[in-house]
Structure formats: structure tokens, C-alpha cells
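Each of the next two complexes has chain A plus one other chain: chain B in the first, chain C in the second.
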Partner chain A sequence: MSVRTEIAYRARIAARTLRIGAGVSIALLMLLPVAIVVVLSFSADPYLVFPPAEWGLRQYEAFLGSDEWLSAVGVSVTVALLSTVLSTVIGTLAAYAIARTDLPLKSALTSLGVAPLVLPGVAYAMALYVLYLRLDVVGSFTGVVLAYTALTLPFPMLIVTGALTRLPADLEVVSMSLGASRIRAMVGITLRLLAPAIGASMVFGFIYSFDEATLINFLGSGQIITLPKAIFDSVLTGIDPLIMAIAVILMCLTGLVMTVGVRLRQLDQGNTP
Partner chain B sequence: MATGSARGLRGDTWLGRWLVLPYVVVVLSFVVAPLVLLVVNAWGDTGIDGFADYFDQAATTRVLIVTIVAAAAVTVLSMLIGGFLGWLLRTTTSTSLRLLILCSLTLPFWLGSVLKMYSIQVLLEHNGLINRALMAMGLTSEPKEMLYTQGAVVVGMVYQMIPFAAIPSYTAFLAVDLDLVRASETLGASRLRAFTSVVMPLALPGLMAAAAIVYVISLGFFVTPLVLGGVTSPFAASLIWSSVFDYSDLQGAAIASVVLLLVGYLVLLLAYLGVGRRRLYAVLDQ
Partner chain C sequence: MTGDTSRGGSALEIRGLRKEYGHSIAIHDLDLVVPHGEFLTLLGPSGSGKSTVLRTVAGFIEPTRGSLLLDGIDASRLSPRNRNIGMVVQNYALFPHLTAAENIDYGLKMRGVALADRRARVAEMLDLVGLADLGKRKPRQLSGGQQQRVALARALAYQPAVLLMDEPLGALDRDLRMRMAEEIRELHTKIRSTVLYVTHDRDEAMSLSDRIVIMRDGRIEADGRPRDLYRQPPTRFTARFFSSHNVVPATVREPADDGGRGRAEYLGQSLRVAGEPGGTPGSNAGLTFLPSAVRLTATGDALAIKGTVSASVFMGEFVRVKFRPRGVAESMELEAQLSIDHAEDLLRSEECEFFVPVDDLWLIPEGPGATASQS
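Right, the complex of A and B next:
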């Protein structure tokens, strides 16, 4: 008996070791490309070889001195900011109407708004391209911003709607019965309690549109060069080593912003009374 | 009295409803209209014959089959790997392992969609790290051509989709009480048995929802096939891209897009019927 338990115990330990070993190897393999980029970013070679023959901050200096790349960053930030603000405002209003009123066709409306996140990307890009061709707005800045607005609408539709369903609707009624006006109740109570959810959906929307590289290839027509578009072109036509520095800087910034987003998300979910 | 006034206040929603208006305008013009127009374009003057021709051509059918099969392979692989990571994340008591897994799921994402693929390219190149490692170990005498193959595209897509599989799997496993595993092990089940007959049935709906979403996203990959497969790779993305920008064949590209959308829609519909809307939304909402 004790021998059998001993064997079973050993087998269990072996299985555990195997499991953890496999998990660690997979995780390390997944981090390998990240490590490659970080290492390459500190290369001082004129073109990319791994491992670098010479080390230095050359790529970082090149990036910070390049008007072309900095302007791509500028375009990306502007497009992402404008579209995220638009989609958050539009989406939050809609989420409110859907969660709090007797609107017809609620679930169809929500599904359509969430669709851009799950439609096969290249097919959706093609669909928008056909529309933009007909309207003759391919390559227009407004066109790109509006497309990204639709693309990021799913975030408020999922996150803010979730938060709204967790907030008791009676809170507004109570505050109005205590003398607050309708607007005061909406802004002072609901909107304030929704703030973390709204913030989180803005963060995720911003990151999503900042990183978007499919729609822009169809709708930008080579005239609107966002950062992912510039990187994409560079990767296809012969890579500019300074991209590695951009990647590392972006990785740190995205990580920072993302942490804020996740924190807001936790705040939001902790709001549940 | 109190409930009466509450109902009165909540009934006053005729104004609140209009808040949805801007949303409806955006959804109609940037989701519904483009999709309708896409179908109109695909239909063109040729109608259903255009689709029939499309399926008659060996080249285009091959692209579709490769895309559909590759997306299925990506789904299976990333659900296996991601599901395993999700399960480890759920069961491990070690903080450092948890941290390592979380890093491996988030850091690649922060690299951005294009550079993530470029770094895979660095690994797979003719003179890349993997080839050099293989040669150093004496496993191969000359470099293997891995880049610009269908395998490379699948690797890239799996790399991209593992987090999308792992996080929802973790959430699905969260719903499973680990005491059940311990209980079945006390009753003599092996860990594997406990996993397949206790954990899996409980987590399955969540996992199915995750797989459906992973599949549909994989269908539409654009950057990955172009960077890792090359412009002529047999994937829908490359086909649509070159139809539009090299051959100005808008209708062909539209037909390919419509077929992709239909396949994606079908998968989502099946998932919707199988596990419900709420579970699908839950996958997206992470």
C-alpha cells in the first residue's frame, strides 16, 4: 500500500514538473521575439544582423532625429485620439440608451456595433474601401478617423454596457427623489460611477487604433501614413533598423498605458455594490 | 407611492432613447453600408455567375481552402497552447510562474502588430536564429527555407492568437471549482482524467466561444500573411490585396471578401447557437 502511494506520489511530482517545465518553455519561447527586438534596438550597425556587431544608441538617435518617423507618430496619435474620443462619446451615449431605456432592437444594435472587432479584418477593410472609393474619400484624413471610430466602438459597447448593467438604475431615481435634476442625476451619479469604465474603454480603443495596420493600407492610399503603416512599408521593402528603437519605446509606453487601462478596469469592476 | 414615482421617472425615457442616434448613424454608415456595398460589388453585372467562376478557378479556390484550413489549424494550436497556459495560470501557486506567463502573454502584444511579425521573420530567415541553432546542433547541414511558407504564416498567426486563447481559457477555468479536481483525485482519478471528465465539461462553453472568436479573427489576418508569407502567398489577404492594387480587379477582391465574411458569419452563428451571445461577448470583453 505504502509503495503504491509512494509511486503515485512520485508520478504526480513528475507530472507536475513536466507541466511547469512545458509552461516555462512556452513562455520563454513567446518572449524570444521580444528579446530579439530589444537586443537589435541597441545595435549600432548600419543594417540589422543578429547579434549586433556593434552596440550603441544609434537607432534611438536616428529615430529621434527623423522627421519622417516622428510625423508618422504624430499622425498615429492624432488619428487614435480623435477616433477614440468620438467612439467613446458615441458609444457611451448609446450604451446608456440601450441599458436604461425601452429602445427596440437592442441586441441587434449592440451586435452591429461590436461586429468590427470580430469581422475578418481584411474583409472589413475591403468593404470600407469599396464604400470610400464610391464616395471618393480614399486617402482622406477624416475618412480614416471615422473608420477608426467605427472600429473602436466595440470597446465602449462592451465595457461601458457591462458597467451600466452592474450599476443599479435606482441610484438615479433615488438621487432625483432627493431633489437632484435629471441631468444632475445622470452626470453626477451615473457618469461619475461610469468614469473608470469610460476611461478603460478609451485606453483600449486608443491602443487598438494606434496599432491598426490593416484598414490603413486600404483607406490611407499611401497618403495617410500612420506609424504601423510606415513600419509595414519598411518591413516589406527593406527594414530600417531604427524601427527596433521605435518598437522598444512603444513597448514601454503601451505597457504603461495598458497598466492604467487594466487598473481602471479593476476599479470599474470593483464598483459593483 | 414610492414605486409609483420611480416608475414615473423611469418611464420618462423618450428623451434618453435619442442618445442612441449618433451611434445608429455611425453603425449604419460604417458597418452596414460598407457590407451591403461589398455584396453589391461582388454581385456586379455577373450575379451568381461571378461567384461560380470564382469557385471554378483552381487558383482562387486554393487560396480560400488554404485560408480556411490554416485558420482552423491556428485555432486548434492556439487553443491548445493558450488553454494550457490558461490552466497553468489557474492552478499554479507560484507567483513567479504566474508572472512569467502573464509577461509572455502581454509583452509580445505591446510590440505592436507589425513588429511582432517582423521579429518572427528574424527567427525564421534563411540566415535566421533558428537555422543557425539547427546547424550548430548538427540537425541540418544547410539552412531550411522556413520564411515565406504557409507554415511561417501559421506560426505567426498562432503567436498572435495565443493571448486571445489563453485569457478567455483562464476565465473559463476560473468558473471551475478546483476542489472538484481534488475531490476526483481523492476518488482515484488521475489528473488527466480529472481534467477531461470534470474540468473540461464545465469550461467547454467558454472555450468554444474563445475558439470561435480566434477562428474568425484568423480568417481576416492581413499583416501576417504579407510579412511572413510574402505578397504571393496563398492567403485571402494577399489575394485581396493583389486583386485590388496589382490587377484592379475590384469584383474579384469583393467576392473573396464576401466568401470570407460568410465563413466567419457561419462560425459565429454556430457558436452563438451553441454557447450564446453572452459568452461570445465575454471573450471579447477582456
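Right, the complex of A and C next:
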């Protein structure tokens, strides 16, 4: 073996070792906390101890048996559903205006719609809080739903607008030449073809608002208790191991819903002729 | 089918169509009559207004003025869905979520045709375009050619008064485009439907159409059979854009008589040539000829052009020679297609004399007195 190939060989080995090392450390860093949470959720101890002294489903039972926690879940689901539906309707209409008309200031409109995703969460929450104080709607359910609507608007603004831009405008034109009314062409063809994109944007919007913990602390005023808010409050008074069970359930559900979302996005890409 | 040629009247009649966008005028008072069964192409460069005409006929653009008759019925105020037109657009715009058969069925369904009739009609159309076995496929599972056939079948299924085609081949490369054009022509000879076709591609227009209307700046520049427009272009624009003729400046000595012959002068040579009627003695004109009409030797009466060769390119069947004529504007460059035997010894910047037999010349008068020739 010549010197040159010897060096190349060693370099390859070194590179591979580095790659594997980096991969393992990243996996550990990311998965270790998750693993710890999963382990802790199956502890039967009344306090957080690692590793658990006793094993069992105690935390899950406590969570599912608690009216307080379940009502927080209910509030979270309601707020997330309402705000996602609202933002999807608004965002889809906006997407139509942006992709299909000669509206002036289109790019400004897009940036504004996407802004809640780009602005620092705490700054946005603070600003809204000040506004809500003036309007005297802090702690109101409608106020929270509207705030989350604005917060999840970027998803349809990005996903639906993208899908609509990929759809040829001629589809509607041809559909009308074939005898469809304008509404029929819009709903039967365009909206039908946008369905996967709309579905995906709803999934992402739902997860985002379901999981949101900053805004609710400012705007909920202790009266609207969503699940993240409840967790937040519970952590303030000492860590209840029950939270670990919630975390595991949330991770599983989020993973499931995300898979649906990703699958819908793939479907959407497949729509382009 | 749609091309019921025995019926009187015309499939499409456009009267005084005008479209203004603010201060700019997209179409100037345009009149056009398309008889039943005719394949008519609107040909023009981009911005000539050809697509605007088509989309106005379809009902997607509201004209500023003018009226529109489809099968003798005033359709000016009808919405697109009630106009009984078929439409084929660029990239075909097939509905990606529907199968080929469902695409073809769409127009029938929208028209409330009974289910049994729809089934029979879809099968008939699939058969007509040679896709009987592929009805269950989605558009993305079909080749480009098959997609085009589905688009045609979809637009023809309900027997529209006119089939509108808006640059359907515009996005394809040259070879594929010519193959697709052949398919369109084949289908048209089979069913003789009335077609209004829009394109900027001369070869496409020439090979497809019964009649070509050349548009320029929102006006009709020329109107005629492809062969006539090619051989005897009525205007200089047509000569250049459509026929690729050479045009040299000349003077009218005698305007064309009833037999279509007149006398023209080019750099002291007075020639008896065929041409468009119009012009007055002494008025300016263009003398046009095809590159393939140029010879290196004179046989009989011929126009002689002295000039220098500026380029010669071997093209296989012929040699394309570019040359600058002497005695006219310096920037002018003419083109000749010469047979290889003759052109081989032509060198760049060489002084040469070219000849065009008088029978291959065509005179186009211009300026006042010259008819715009839109008949």
C-alpha cells in the first residue's frame, strides 16, 4: 500500500468515526430527555424520583381521573379547533386573493399574514396583552380564540398559497367553459384540489395552538386554562409526576397527527399534473 | 358532429369587437366570420391581441364594444358556461383528481345529460381518440400525447359550436409540437368541427389551418388560405413574419391591373411583376421573394441584385447565404438558399450578383393608396 492510499484510508476511517460519533451524540441529546420522561411516566411514586422506585400506571390513572386536567384538555381542544378553523377559512380566502388576483400590496399582505410566526413569541404576547387590556378582553374566551387565530394564520398563508400557486388557473377557466358555474368551478375543482393542503395546514395549526404556552399566560388571565397553562401552573407549585404521563400522551398524539399532516402534504404535491 | 356543414350561416361571427384596457386598445373593431367546419388560426406575435380575441369568445373577457354570434345566436351577454364552446389550453389543464373518462364526462355532467347517455358518449369519445383502454387512468399516468387527446375529447364531448384552442402546444419542444399538431389535424379531418386556434408559431398555423388570420397590434393584418398568404403576402409584415420573404424597397411604376400584374422599379431595373393591387405611380413598395427563389445565374427576365456575401452556412440540403445588397440601406441583409453545387465556391465578403426570376417576385405597395388588404 502506497503512502498516499494509506493516508486516504486513515482519513476515511477518521471521518467515519467522527460521523458516527456526532450521530450518536445528537441522538442521545435529543432522545435521552424523551426516554427519561417515558420512564418517569410509568413510575408509581408520588414524587419525582429517577429511577422510579415502583412501577405502574398510577400517573396515567391520576391524569384521566382528574376533572381539572381533563377540563384543561377540553379547553385546549376547543380553542385549538375554533382558532384553526377560523384561520384556515381566512387564510384560504387570502391565499385565493394573493394567488389569483392583481391585488396591490400582495407581498405586504403575505408578510403580515406570516408575521405571527416570525415575531418573537413573548414580544407578540406582550403587545397583544397591552392591546387586550385596553379593550378589556383579557381572560375572555373569544379574545384567546382570536389571538390563536392570528397565531395560526401563517400556516394556511404559506401552505395553501403555495398549493394554489402550483395549481394552473386554467383549471377553473376550462371547468367553466365545460359548463360549471363560477362557484362550482371554485369549490368542485380548486377547493377540491386544495383539500390536502388545507388539511395539512389545519393539522399544523392545531398542533401549534394546542401546544402554545406563552400567549395563554398573558391573555388567559388565569381564567382560561388550557393544558399547557395547567402544566405551567402545576410546575410552579412543585413537580407532579402526573405531568410525565401527559407529556407522553401528548408526544404520541402529536406524532400521529404530524404523520397525517406530512402525508397530506405529500398528497398535495402529487396533485400537480 | 359539430361540423354540420350543410347548415347555413356560420359557427362564429364576431362583429366590431373592441377591447380597451384604460387608454391602451387591445383589439380594434375586429370583424371575423368562421364558417361551420373551418379550422381557423389566429396567428400573431405576443401582444397582438389573438388570445384576447379567443378569451372574449369564450366569455372570460368582457369586450368594450361589439357582439358575438355562436351558431347564429347572440352570445355576447352569456356567461362562459352557457356559450356552448369547447376549450383546450396550454398544458391541457386536465383535472388531476379525475380519470380520463371522468374528465371527458365533466362537460356532459355539468350539462345535465342523463347518466346512460353520458356513459355511451364518454365511451364513444374515448374510442374516437384511440384511448378506449385507458379511460380509468389519471392524467399523470398518461403520456403528453394521450393527455392532449383527453383534453380534445373532453372539449368535444358535448358537441360545442366552436372549439377554442389557446396555444395548446406552446409549452412543448419542437419535435413533439409537430407530432401533436399532426394528431390535431387528423382528428379535425375525422370530425370537421369548427376550430378557432391561437398560436404564435407559423409552422403550426400553416400545417393545421384551413384559413389563417394574421394579427398585429390588435388588428387583422392579413386573412387567407395558408398557401396564398405564403406565396402572395398582402403586407410587408406578413411577408416577413409569416412567409420569411426577403423584402427590398422598390417604386411602383404601374399599379397592378385586374390581372394582378403591375410594373415596379428597383435600382433602375423596371420589371413586370405580380402583386397586390393599390399604390400610385411613384409610390413606395416592397418587392418580395423567397430565399429559395434566389439564383446565381439569370434565366429569362430576372431581378438582379449586386451585393457582398456576409455569411454562408451549410444546412445539408442547401447552403444558406446571407448577403448585403449594394445601393440600398446599409443595414439590409437578404437571404438566399442555394443548392450546394452552386454555393460551394462563394466566399465571405465576395462581390456577387444574385438573380430572382420575375415570376417569383411579389409586389406590395405601401403608404396612401395601398389597400390594407383585409378582404
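Note that in this section the second predicted complex is superposed on the first by the 272 of 273 C-alpha atoms of A that agree within 3 Å, B and C clash if a C-alpha of one lies under 4 Å from a C-alpha of the other, contacts with A are read in each partner's own complex, and residues count from 1 in each chain.
Definition applied: contacts are C-beta pairs under 8 Å (C-beta built on N, C-alpha and C of every residue); 3 or more make two chains touch, one makes a residue touch a chain.
Just so we're clear, the structure is a prediction, and the values are computed from it rather than from any experiment.
Asks: After the superposition on A, what does A:V187 contact: first (chain B), second (chain C), both or neither?
Replies: After superposing on A, A:V187 lies clear of both chain B and chain C.
Asks: So, A:I159: does it touch chain B (first), chain C (second), both, or neither?
Replies: first
Asks: Given the touch rule stated above, what does A:L178 touch, chain B (first), chain C (second), both, or neither?
Replies: Second partner only, chain C.
Asks: Using the superposition on chain A described above, determine whether A:P168 touches chain B (first), chain C (second), both, or neither.
Replies: After superposition on chain A, A:P168 lies in contact with chain C alone.
Asks: A:L146 in the overlay: touching chain B, chain C, both, or neither? Say first, second, both or neither.
Replies: A:L146 sits against chain B, while chain C stays out of touch.
Asks: Pick one for A:L70: touches chain B only (first), chain C only (second), both, or neither.
Replies: Neither partner.
Asks: Report, in rising order, the residues of chain A that make contact with chain B in one complex and with chain C in the other.
Replies: Chain A residues touching both partners: 170, 173, 176-177.
Asks: So in the complex, which bits of chain C are touching chain A?
Replies: The contact residues of chain C facing chain A are 58-60, 79-81, 83, 85-87, 89-91, 93-97, 106-107, 110-111, 139-140, 154-155, 158, 164.
Asks: Would you pull the chain B residues touching chain A in the complex into a rising list?
Replies: On the chain B side, the touching residues are 2, 5-6, 9-10, 12-13, 16-20, 22-24, 26-27, 30-35, 37-38, 41, 81, 84-85, 88, 92, 94, 97, 100-101, 103-123, 128-129, 159, 162, 191, 213, 216-217, 219-223, 226-227, 231, 236-237, 240-241, 244, 250, 253-254, 257-258, 260-261, 264, 268, 277, 281, 284-285.
Asks: Show which residues of chain A lie in contact with chain C when the two form their complex.
Replies: The touching residues are 168, 170-171, 173-181, 184, 189, 192-193, 270-273.
Asks: Enumerate the contact residues on chain A facing chain B in the complex.
Replies: So the residues of chain A touching chain B come out as 12, 15, 19-20, 22-24, 26-28, 30-34, 36-37, 40, 48, 50, 87, 89-91, 93-94, 96-98, 100-103, 107, 109, 111-131, 133-134, 146-147, 149-150, 153-154, 158-159, 162, 169-170, 172-173, 176-177, 182, 211-214, 217-218, 228, 231-232, 235-236, 239, 243, 246-247, 250-251, 254-255, 258.
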